Structures are given as C-alpha cells and as structure tokens.
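Next up, some structures in structure tokens.
In what comes next, chain A is part of two complexes: it sits with chain B in the first one and with chain C in the second one.
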Partner chain A sequence: MKLRPILLSALCAAALAMPVNAEDLMIGVGGTATSIDPHFYNASPNNSIAMQIFDRLTERDASGQLLPGLAERWEAVGELQWRFLLRPDIKWHDGEAFTADDVVFTFDRARDVPNSPGGFGGFLRAVASVEAADDATVLITTKAPAPNLPGDLANIAIVSRHAGEGADTSDYNSGKAAIGTGAFRFKEFRQGDQITLERNPDWWGHDVAWDTVTYRVISSAGGRTTAMLAGDVDIIDTPAAADLERLRSTAGISVDSTPGLRVIYLVGSPLTGAQMQFIRGPNGEDLSENPLADVRVRKALSIALNRQAIVDRIMEGTATASGQWLPEGAFSYSPDIAVPEQDAEAAKALLAEAGYPDGFRLTVHVPNDRYPNAPAVVQAVAQMWTRIGVQTTVESLPWITYSAKMSEFAIKLLGLGNATFDASSMLINVLGTADKERGLGASNDSGYSNPKLDEMTAAALSIYDDAQREQALIAAVKLALEDGAILPLYQQTNTWAMREGLTYAPRIDERTLAKDIMVK
Partner chain B sequence: MKPDLTSFVRFLRVYCRSPLAVCGLIGTVLVLLAAIFAPLLSPQNPYDLMQLDIMESRLPPGETAFAGFTFLLGSDGQGRDMLSAILYGLRISLIVGIGSAALAFVFGTLFGLTAAYIGGRTETVMMRLVDLQMSFPTILSALLILALMGKSGGNVVLAIVIVEWATYARTARGAALSELRREYVEAARSLRMGHRNIILRQLLPNCISPLIVLLTMQIARAITLEATLSFLGLGVPITEPSLGLLISNGFELMLSGTYWVSLFPGIALLVTIFSINLVGDRMRQILDPKAAQR
Partner chain C sequence: MTLWIVQRTLQAALVALAMALIVFLGLNLIGSPIETLLPPEATHEERLRLIADLGLDQPMHTQFFLFLKGMAQGNLGISYVYKEPAIELILSRLPATLELALFAVLLSLVIGFPLGLIAGYRPDSFAAKAIMTGSILGFSLPIFWVGILLIMVFSVTLGWLPSSGRGSTVTILGVGWSFLTWDGLRHMILPAFSLSLFNISMVTRLTESGVREAMSSEYVKFARAKGLSPRRIMSVHVFKNILIPIVTVVGLDIGTTIAFSIVTETIFAWPGIGKIIIDSIAALDRPVIVAYLMLVVLMFVLINFVVDILYRILDPRIRLQGE
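Here is the complex of A and B:
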C-alpha cells in the first residue's frame, strides 16, 4: 500500500504539531464574572478570573494565609510607611518588563474605575501616596498606622502602565488591555456565557497543569450538577445542598469542601422612616417607635432562632451555625462567643420587658437569587419568630431590586465575604457609622450607629502587634454582638465537585482558580 | 333566548354522549370541591407559620407529624404537609385563574362588542390596539407587568387580565359583526332602543356561545400562566405557595430523590388543567355551530 507511509507521516506531523500534554479544563461556575477589568467590581466571580490573568503584591493561599506575590518581601518603615521589594525578572504577557512604576499606576487606577458597581477603593483607604524608589522597590505612605495593609493589598490586581494607560473597562473586556503577569493569558470573554484562558508558559509561580481553561457560566445549581454528572465539565462550584449526596455517591466524582469566610446574617434597622411600613402593631396598627431600636427586641429575635436546625434541615450541612461573623480559626474569631441557644420563653419575656407582650408584625426581606437556599432559611426564621409572637411575613426579591431598596427594609438577610480575613470589614463597612470622610460605613444601609464601637474599631486597627490587635478586634466584635447590631446565622461552606483524578484545595474565599486545580 | 331548565337538560344530555367529557366534568367538580373545602380536608393550615416546623421538613409520604396526623403525600422543605399545601395551593391557583379569566372576559367582551357596534374609524383604532396587545408574547408581557408593579396576588390577576383580554375582544367583535346585520338589531334600532341596551340586551346574549367556550379554555390558560409566573418566582408570596410555586420548590430536590415535593403538585396541576380543557373542548363541540356541523 502506497498510502501507508503518507498516512504515517501525516500522523507523525499531527503528533508533533500538538503539544505532548495538551490539557484542557472545563469549569462550571454559578456566578457570572461581569468584567475582565480586575478593578471594576469586587465580587468573587470577577476576582476568580482576575486572580489568574493578573498577580497581586501579596497573595492568599487556600486557607487565607498571606504569601509573597509580585512582592518578594515587605517591611514596615516606621509607623506610616511600608516598603515592598518586588520579584526580579517578571514579564508581562506581551513580553515587557514589570517594574515598580506599574504598581504606582495600579494604585491610581484601582481607586476609582468609572461605573464600578463596587470597587476596590476600600482596600486602599489607608494609602496616602505611592512611589517607586527604584525599579524593584515600592514605598507606600499611609495616612494612619496601617498594619493590615499587606493583607488588603492581596485584593489589588497589578495592571501594567503600558497597556492600561488610558484604557477603560471595555478595553480589558476585549482583551486589548488585559495584559497581566498571571498564570493564564486572556483568550476570550463572552459575558454571561464563558471565559477562555490559555497558559502563560513564563509564569513565575508553581507548575500549572492546563493549556486551555474554559469557565462556563451555569447559573442554576441543578444545571451545574447535571453537567457534572454528564461529564460536560471537569469541576463545578457550589453544588446545591440537595445534590451533594447524589454527587458523592456517583462513581468518578469527588466532592471537597471547607468552611468558608462568608457569613449570612440578619440585620435590623433602628430607623423610623420607610422601615415602619414593614413593622406594624400586633393588629396591623401604626407603631410610634421602632421595636428594633430596642436591644432587648434584637436579643429576643436572636434567641428565638434555632440556628443548628436551620443549618441541618435547610442548608443540609453546607453551613456552620455561628454566633459571630468569622469562622473558627480566622484571625479575630473568638472561641468564647457561643452559638446562641434557642429559648422561646426567654425571648417572649424579653419582648414583654421591652413593652411588646403581644409581639408585633414584621416583614423580613430576602434576595431570592444570591445566597444558596436563602428564601427557605428566611421562611424557617419566620416560623421561629412567629412562635414568640412576632408575626412574620417573608418577602423575597431578585437581587437587582433588593439591593436598590435595601435601605428601606425593616430587617433583611445579607451575606458578607469578610474579604479582609478578619473582623474589620464588618466593623468598618457594615457596622461603622456611615461617614464618607472617615471611610466608615460604606455598606451600612441599616442606619446602625454606635460611636463607642467606631472608636474601638479605629483603635484596634492601628495596633501593629498581631496578638494585641486580635484581642482589641475581639473586644469590638463582642460589643457589637452584645448590642445585637447584626444577628449572625451561619457561615457558608464552600464546596466543589470534580471528576476523579483532579484535586483542588478548597478555598476559604470561594474562588475557583484553575491554576491551583491539580492532576493527581 | 333565555336558558330554561329543559334546554339545560337537553344540553347536559348531549354533553354526556362523550365519556371522556364526563370524566373531565367529574374531575373539574372534584377539583372545585377540593379547593372550596380545603380547610376542612387539610390536616394542617400550611399558611399558618405557627403550625409548621422545619424539623419535619422533607419527610417521605406516610411519616407521622408531631401534631399527630400523617403526612400522606410527605412534607416539603419547610415542613408543610404536601396534601394540605396542594389543597390550599389549588385554591389560590383557581381563584387567580377563574378570577382573572372572568375579569378579562368582562372587559374584553365589552370592548369587542362596543368596537363592532360603533364601527368606522373608532373600531379600526380599537382593534389595532387589540392586535398590538396580541403581538406581544404572553409570558414576556406578564413578566414585564409584574416587574413594574411588584408582586402580589392582586397584581398577578391584573397581569393575566392585561395579557388575556384581547382574545375575548377579538372573538366578541367577530361574533358581533355577523349579528349586527340581523333584523332583530335593526328592529331594536328602529324602536330607538338605547345603545347600551342594544349592546347588552340584544348583542351580548346572541354572541355569548363562542365566548363561553373561550372562557372555559382561557381559565385553564390563566391557571397555567399563574403557575408559570409562580414557578419563575414572580407570582404569589413564598409563604403562601400556589401549585406553580410548590412545583418550583421541589424542582431543586428532584435529583436527590425527594420526588414528592414536585411530583404531587405537578399531578394536581395536570389533572386540573386537563379536566377543565376536556369540559371546554366538549362545550366547543356543542356550542360552536361550525364544529357541530361536522
């Protein structure tokens, strides 16, 4: 046969043309990354992508420990200055050299991206100025002592000046400005559908197993499970609690999880404006005062809840019941704060003491498309509150409407990712008295204000000694919880299901990073 | 033209010639009775949060509740007895379905009759409005309306009325156009009867047959529409689920083997719609002159 040698040589040519270990990875994710611009929106889906195209000065490992990133070392120079020494010989994806000047450019840009629905300015709150001492050294001067700065900088993706100068968010989305130093290069971005990345062979970090990675957005949990079972994807994030048993028992699929940083909590408003349409007397009459302004009422609502039952029956073990907002093991978690025990009798007594022996009517709001099982959780909360005499109605809304009207609600369910890995993001952004000048209360939409708490928070965050800072933060956490500022319910567990042969160290910050997905 | 007892009996006799239609009628009556007597038939009031306990959530059919009764069809994720939830949900579905179909019937019919009666350019404008309404996809406009007005039971009814009235208007106008040429209308005109009297006393009774048929069909459609909206999370409040919301609640649990949360409300919805459609179909065969000739 004459054909044979031709066929053989064609096969050889094909084999040579293909990389020896061409590995593709398909990831099914629930959340939609809204942009490739790493400074556009501080949300987990966006950060998952940004963490692979770009690098940061400091990085966090799966359990939240701080690691060197583009900065090899860093040190405090006096009370108000930090020096970051950069890793040498780092190249951008287009071959240009990375220098300290790119960091200076990044800090300018990240503070204020036009149209950002929630940016990264908060992490740079303390920064007064940045300068490049030489190509490999960055000097950061802070407005006040900022011991948390290296941790905060683990959120700021470093972009290049040569590609980013004058570029806006759409230039990043098109790939034109999406030039990073990260493990993967940008290939394609189709919003709400999929994102494709390809390996950066020159990356300075650990070995990466994949040549091409595709993030496919499958927003329904059932859809992700089905795709996983069918073998359409190699790994999925946040499978529905109800599907876990099925996934675990399927041959060829393994499930891994870790307690996460995200706390789900209820927060009441002490204000008497629009809130009062959602708080009525026991027979539907107007109330002259807001019962939620009374700490005894907030306490009663807290101890009316059986958090363990909610976690067991509704979250089916994909959450950990909690009386504080950080998970065990996190910096400024306190083992002394127990999960509040359910005590309906004591709750009724507290209500009577506060002047509401017959309870009142309350509407609780919940987003129906943001946190897993949240509407079911709030219905269970409503059952428990109704039992102590607070006749509760549940209103569930899509996030887009919910977030716009949030400040009018009497009491609502929210989640917080604790992006600073300690108690401070809740203390500053959610519980701090809303005050732009002082950078406090950026997400405080309940109107809660406690000047003593603000003082304790500020004092705690200026302590350089880690052990002392932790104690001071815990003291502030205790004060906030004793005041019933929020009612923490549980921390979500972060779960991934993957095909046999893959391993992924489950991340406390819920991000799915292809660079860390390994082949056994 | 007034319906009297003998003509009703005659109608019933003709109706009963189709065994399938009789099944449909029995089904419809049973569903109606179940909905009306839901509080008496249900072991639990599924809308009273005091009676629910999440510790009893997702129990399979046959388990016994703390309160002593048996979960004949199991319980859902909130510890609601599925049987009670279905009976109460059926009530909401039927009230919303029948209520909105009836309102759309009244408004659409009057609109169509008036248009036909006035005629001329006014009629053209009125009927183009109907065309405009009908050219929008039903679910899309219902979603839009609910997104604008916020969700509540009343708004669901309103949304369905807004998307459904045009069908009645078109049918009423068609029927009225052929009736308007008849002598009795001319007679009424020459007797100087008022416009309102001619429309309501003369035209309406003579156009009613196709509209009644349409109404029966549209009730089933309205129930389906409500179920769809609730399934999409835009219908009734989540603590007072209708059939569509019950199905949606159980949807996420399907893969894990908790079949009863979705399956039983699904069957209830199917039986309801199927029965009403059978009745509607038979009515069309009898009342529609074109179908009767065949």
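Here is the complex of A and C:
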C-alpha cells in the first residue's frame, strides 16, 4: 500500500498537470447517485457528483484539510457570529453573477427539501439566521458558539436562487435547475446508469484536464475490475480486495489508496430490555443484569481481540487496525491512543473480577450486505471472545432487517463515515445521550449514556481556538474509549485503480472527483 | 371470444390485487425503509419529517387503502429513493430490458431451431450427438459464470467487445434504443448471448424431440411414399406440427427472461429493470417493488393471451376456454 504526504502530492499534481485538449474521461463507480439535487441525500455517490457541478463556501482537500471555496476568507465575530467573505466575480453556469443572496437561499433550501431523505440539516443545526450584509459578505448567526461551522459548511453545496427558487428535485435531475458554479456543467443524467458532465471553462479553481467526464455505475466489484482490465473505463473506485493483486500486476494499471474516514466498530448495549434475549448465562440461563453494563466486561471484550490479525488475514490489507475512530492525521486523532494489544489472560481476569469467572453466552449481530467482509470479521471476533469464555454466536442479517431491529441487539457491528472529519460526529450522534432538545444522540440506538462525556463534548465544541478544541476533543475521545463506549476495530482503506498516465490523490472521504484526476 | 377476454382480464386484476396485498404485508414484516434511507447524520426533525412525508406514520390498512385509491387513478406512488413516480422509473428502464430479452429470445430461436432440426432429422449422426451433448452444457452452466467467462475472453483477453454498459442509444418515441447503433449492438452481444444460452438449449431439445416424433408419424411416411422432397416434408409438414410446444415454451420464456434478467444485468451493468428492482428491494422502496410486480403480472397475462391466440392459428382444432 502506498501512503503519501497527500496534500503535497495533490498540490504538485495540480501544478504539474497540463490541460489536454479534447480529453474524455470514463469513470466506473460502484455507488449509484440517486439525484443531481445536491441537497436530496447526503451520501458519498450523490456528493461526488454534487462536488463537481456545485461549489461550497469551504472545501476539503484529499486529506480532509479545510480550504477556501466560494468564500475566500471567514472569521468569527464574537461568540455567536461568523462572517464569510465571498470570492469576487464568480459566475453561475448560465452567466448570472453569484452573490451572497444565493447563500441565503441555499441555507433555507438545504434544510428542507420535501420528501427527501436529506441529512444536511445536521450540518446547519447551529445556524440561527443567515443574512447577506452586501453582495460579497454573508453573516451567519448561531444559536450557540459554533467553532466547527466552517468545517460543517464544506458539506453544503451552494445553489442559485434564480434557478432554484420553486424548483424541486426533478428539475435538478432534468438539468433545468442544475446550475452551479463548479468545475463541470451538467450534461446528462441517466438514472442508475450514467452521468455526463462537461468542463466549465470559466471555473475559478485549478486547471481541469477533461472536456467531458462520464460516471458509469457498475455496481458489482467484479464488473468494475473487468471493465478496468478491458480498458473500457479509465479509473474505478473500491475494487474488491481479492482483485487488488490482479490489478496491481497488470501492466498499464496502477492502484492507489489511503486509510479512509470510515471506521468499523462494535457497540454493546448496557440496557436490560430486548437485549437480554441475546445475553445468557454460561449454561443458557436468564441473567438478571446485563454484563455489558460493566466497563470491565467491555474492556475484556476489547483486549480479547487481535485487530492486526483481523486486518491482515480477513481484510487482506484493505483496512488499518485502530484503537480510535479517526485515521492518523485527521483533526482530533491522538497518537497516544494505541491499538489495544491482544491479552486473553488479562481479559479472563477482568471477566472474573466483574463476577463472570465462567463467562456468559452472547449473540453478536452483523449486517451482511453493507461493509466489505464484515460477516467474516465478526466470525473471527466471535472465536476470539469464545477463547476468553464468552461463548459467542454470530447472526448476520441483510441491512434492511438489521437496521430496523438494531436497537434490540446486545452487541453489533456498525460503520461511521465521520462526515465532520473530526471526533465530533461520533461523540454527538452515536455516543451522545439521546436527547431531541439538545440535538444529541440521533443515531444512538445502543442506549449508551455518559453525562460527563456529553458535558465534555459540549464544552469542546464551543472552543474557537483550533489547538485547544482539538485537545478538548481528544480528552473526550479518551474518556469514551476508557469507558469502552465503542470498540473500534479498523478504518477501511479507500482504493482506486486507474490506467497508467493518470494520478488521483486518494481521498479519505471516499469521493471520486473528476476535477482532481490529473494527467501525469 | 369476448367472454374469454373478460374472464382473462378479471383473473389478472384479482392476481394483481392479491399480489399487492402480499407485497404490502411482506415488506412491512421485513423492516422499515426509514433506517436505510436516512444518512447517519440526520437529525430527529429530519427523521420525523421523512416518516410523515412518506405516509409511514399511518396505520397499515390506511396505507393500503391510499395505495388502492392512487392505483385507481393510475398512480402507483412515488419512489422513496429516487423521488420520481415509480411507474415512470420502471418504464424508463423497461426498454433496455425489453430489447435485451427480445434479442436473447431471437438468438435462441435463430440458433436453437436449426440445431434442433439437424439433430432430429439424423439422430444417429455425429453432428446430432455433438449438438445434444452441447445442449446439456447450456442447461447446466450457471448464467453468472458464463457471463464472467465471456467478459474475460471477449473483452479482457481479445478486446473485441465492450465488457459492460449499454453503449450509445438512438431516441425514438422519447425512449433510447441501443439496437439501432453499431456501438449499442456491440454492447448487447455478450449479455444477450449469456442470457439466451439456456433458451438455445431448450429450443434445440424441444425441436429435436418434436422432429424425431414427427418423422416416424403416419403423415410423414405417407408424404415420403407420395415422393415429396425431404425439404418440403420438413418445411411444410413437420415444421407446422412441432411448433405448438415451442410457441408455449418461448412465450413463457420471454416473460421469465424479462422478469428475471437480474443476474445478467448485474454482471454486465446493463441499466434495465433487473438492476433497479434489486436496488429497490435492498432499500425497501415499496412503490417501485409494487409497480414492478404489477408490470410483471400484466406481462405474463399478455403473453399467455398471445400464446393462446397463436395456438388457434397453428391448430384450428384447439378451442379457447369459455368459447
């Protein structure tokens, strides 16, 4: 696996790459973008397309660093306000001028697209009001101190008022309202088949190498590999682990990868409701208490695992073993948190200390169609747990059934994309005590609750100084991990295969952006 | 005849209704589309709004009643995932599947029928034995394996044909068709062939047994005795008599090929309804699943209808039920 100083190489590639005349690029992607409407659904395939047609106030580079986008600069004004100064002379694809009023329109729209699964409201949770101070200045007032706002806004595509007013999702899909400021213009959208974009010669960003770009949906990993081998496409995303060797050894094809933001973790439930059908005594008898409510048990389950072996043998090197939920180099990653060492003896001792010298019976649940190799990973986990006396059975279910019953499971495997690029999305959505009023724990279905952690999270997220906020977040992460709130296993690796002569700085957020694919 | 058509239509309506009910109850048992639809970053408000927007906060019987009401007005609901009318979504994908399936059935007739005639006419020849042994392979090789093999040989190694996708299309009547362009045809050859392999074998074997049976019948012997040429015996007398079982099977085949081309479409990334139905089942996109199944019922009813009429043309002695 090649790991690079990603930012540097991206900049070098951008500087060295020469625009080539009349070049077409064919991209084979696994995920289906369900719409061209950039506020319809917050998922990687949709965002990959939206990031080409539209721009955001702030952008993220391949390694997740925040860069200026449509906003040239931004600054906090007191505790409750942000001022964004917009780039001058930006034109929409139809020639109209981009102004602060378009940003105001966008913020209203992104929160409320009828009938949409959405998912962008969370990034605007802190926003109380938006106003255009003048054509080039946006003032955002927040409900509470929101130092993370510029980062959150890297997820909100800016759409135009003149094309978007009164338009619904189907107007974006037909191209009528798909008027952006981005590197490419909308050309054609064939639902679930392919999307064609053409270069925007007036884009404000770096030189783009392609005149026409086609994203073709090839959902089966084998199909992507054969299309790449046959030369039908120039670049593919997420090749299957089993195909990597073949792709690497084929002349004319190169493979590049980076540890991604998506973490795969196990989370147990401390509750004693439906969970107890999946936790029994060593001889199958009822238990009056949930062993997983005891931090010593959670810790024992963690150190019973050999994460490196799981990554090497089952994930075949397409993941990085981890003891926390962010990859190295990300904001609020801590080098002090090591990958827990496997220690079966210490694990047994901890179980005995917690009052389970003979262990117990446990059923662990895993979705079988969502994360690569997850059922095999959980099989290995079950063997390692059985070795310390926790007799574990594995139940794997399709995601539709799994997700509906998730809150009843005793312990389960899940993944999180970390859309905030720091520790906060896990701390707020998954580990926060479920509380509608405070906007906490929207995805917390395990019932975990730690008031001290909630407090630390809230405090950390109101610090404006980046270095201090990072330290405060790391402190919260450490508390959560010491408490065994989740057992992180590994970060998935994001991989691309491309024909020789192309370079693409592998992105930690899984997105395939044609504008950043360069010719050597 | 009129009575027969009325009976058929009523039957079809009943089947469609029963199926809608089963799908409704079944999907409700499997799980909730909300968890699959919502991104993990979604807020509580977004969750509640989506549930209300999709009408999933209503009790089951109200949802079913609303669905029936919509159907009476020709509206099968809006896809949860794509937010487009389910019926439009299905119909926009149908041409791709239709042309692939029809091309495959055509291939199976063009290849299977002559092979069956040869094998049946001289059953003891080497050619006949080779054809009959080969047809067993066609039955037993799994489609996905054949598909991958074809891609590896013709796309990756030889580089003659594209590995996947549909190629360029020509728009006629607002619908894109790929069989009208050279590029589109090239894209169609591999998926159509792997889809037709099973049918080729089936047609070959049916023709072969039909011909063998006919060759030993009285009327063929009589024709021979009369001194008719073998060509005329085959093309007029034998041909007509062996057609009935073949029409039945091919008729049913068109239906199953369209309805179950899912595997082939996945391997070749062919943008047909097979692909969208798999995606919709994975997302519990109920309106699309129901619309698709309605279409399949309708299709089978239509095909059976055509087959029955063909029977009558081929053999005037056959009378239709209720006639």
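Throughout what follows, the second predicted complex is superposed on the first by the 498 of 520 C-alpha atoms of A that agree within 3 Å, B and C clash if a C-alpha of one lies under 4 Å from a C-alpha of the other, contacts with A are read in each partner's own complex, and residues count from 1 in each chain.
Keep this in mind: a contact is a pair of C-beta atoms (placed from the backbone, for glycine too) under 8 Å apart; a residue touches a chain by one contact, two chains touch by 3 or more.
Just so it is clear, the model here is predicted, and its values are computed rather than measured.
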Going by the contact rule set out at the top, does A:Asp232 touch chain B (first), chain C (second), both, or neither? second
Considering only the touch criterion stated at the top, classify A:Arg190 as touching first (chain B), second (chain C), both, or neither. second
Comparing the two partners chain B and chain C, which touches a greater set of residues in chain A: C
With both complexes overlaid on chain A, does A:Glu245 touch chain B (first), chain C (second), both or neither? first
Answer with first, second, both or neither: which of chain B and chain C does A:Leu287 touch in the superposed model? neither
Touching A:Gly222, do we find chain B (first), chain C (second), both, or neither? both
Once the shared chain is lined up, is A:Gly417 touching chain B (first), chain C (second), both, or neither of them? second
Could you list which residues of chain A make contact with chain B in one structure and with chain C in the other? 222, 226, 398
In the complex with chain C, residue positions of chain A that touch it: 32, 34-35, 40-43, 112, 114-119, 121-123, 125, 169-170, 173, 190-194, 216-220, 222-223, 226-227, 229-232, 369, 398-406, 416-417, 419, 425, 429-430, 436, 439, 442-443
So, in the complex, the side of chain B touching chain A is made of residues 49-50, 52-55, 57-58, 77-79, 233, 237-239, 251-258
Under the touch definition given earlier, write down the residues of chain C that touch chain A in their complex. 30-33, 35-47, 49-50, 53-54, 78, 80-84, 89, 92-93, 148, 151-152, 155-156, 159, 162-166, 266-269, 271, 275-276, 279, 282-284
Looking at the complex, which residues from chain A come into contact with chain B? 221-222, 225-226, 240, 242-243, 245-246, 309-310, 313-314, 368, 375-376, 379-380, 382-383, 386-387, 391-396, 398
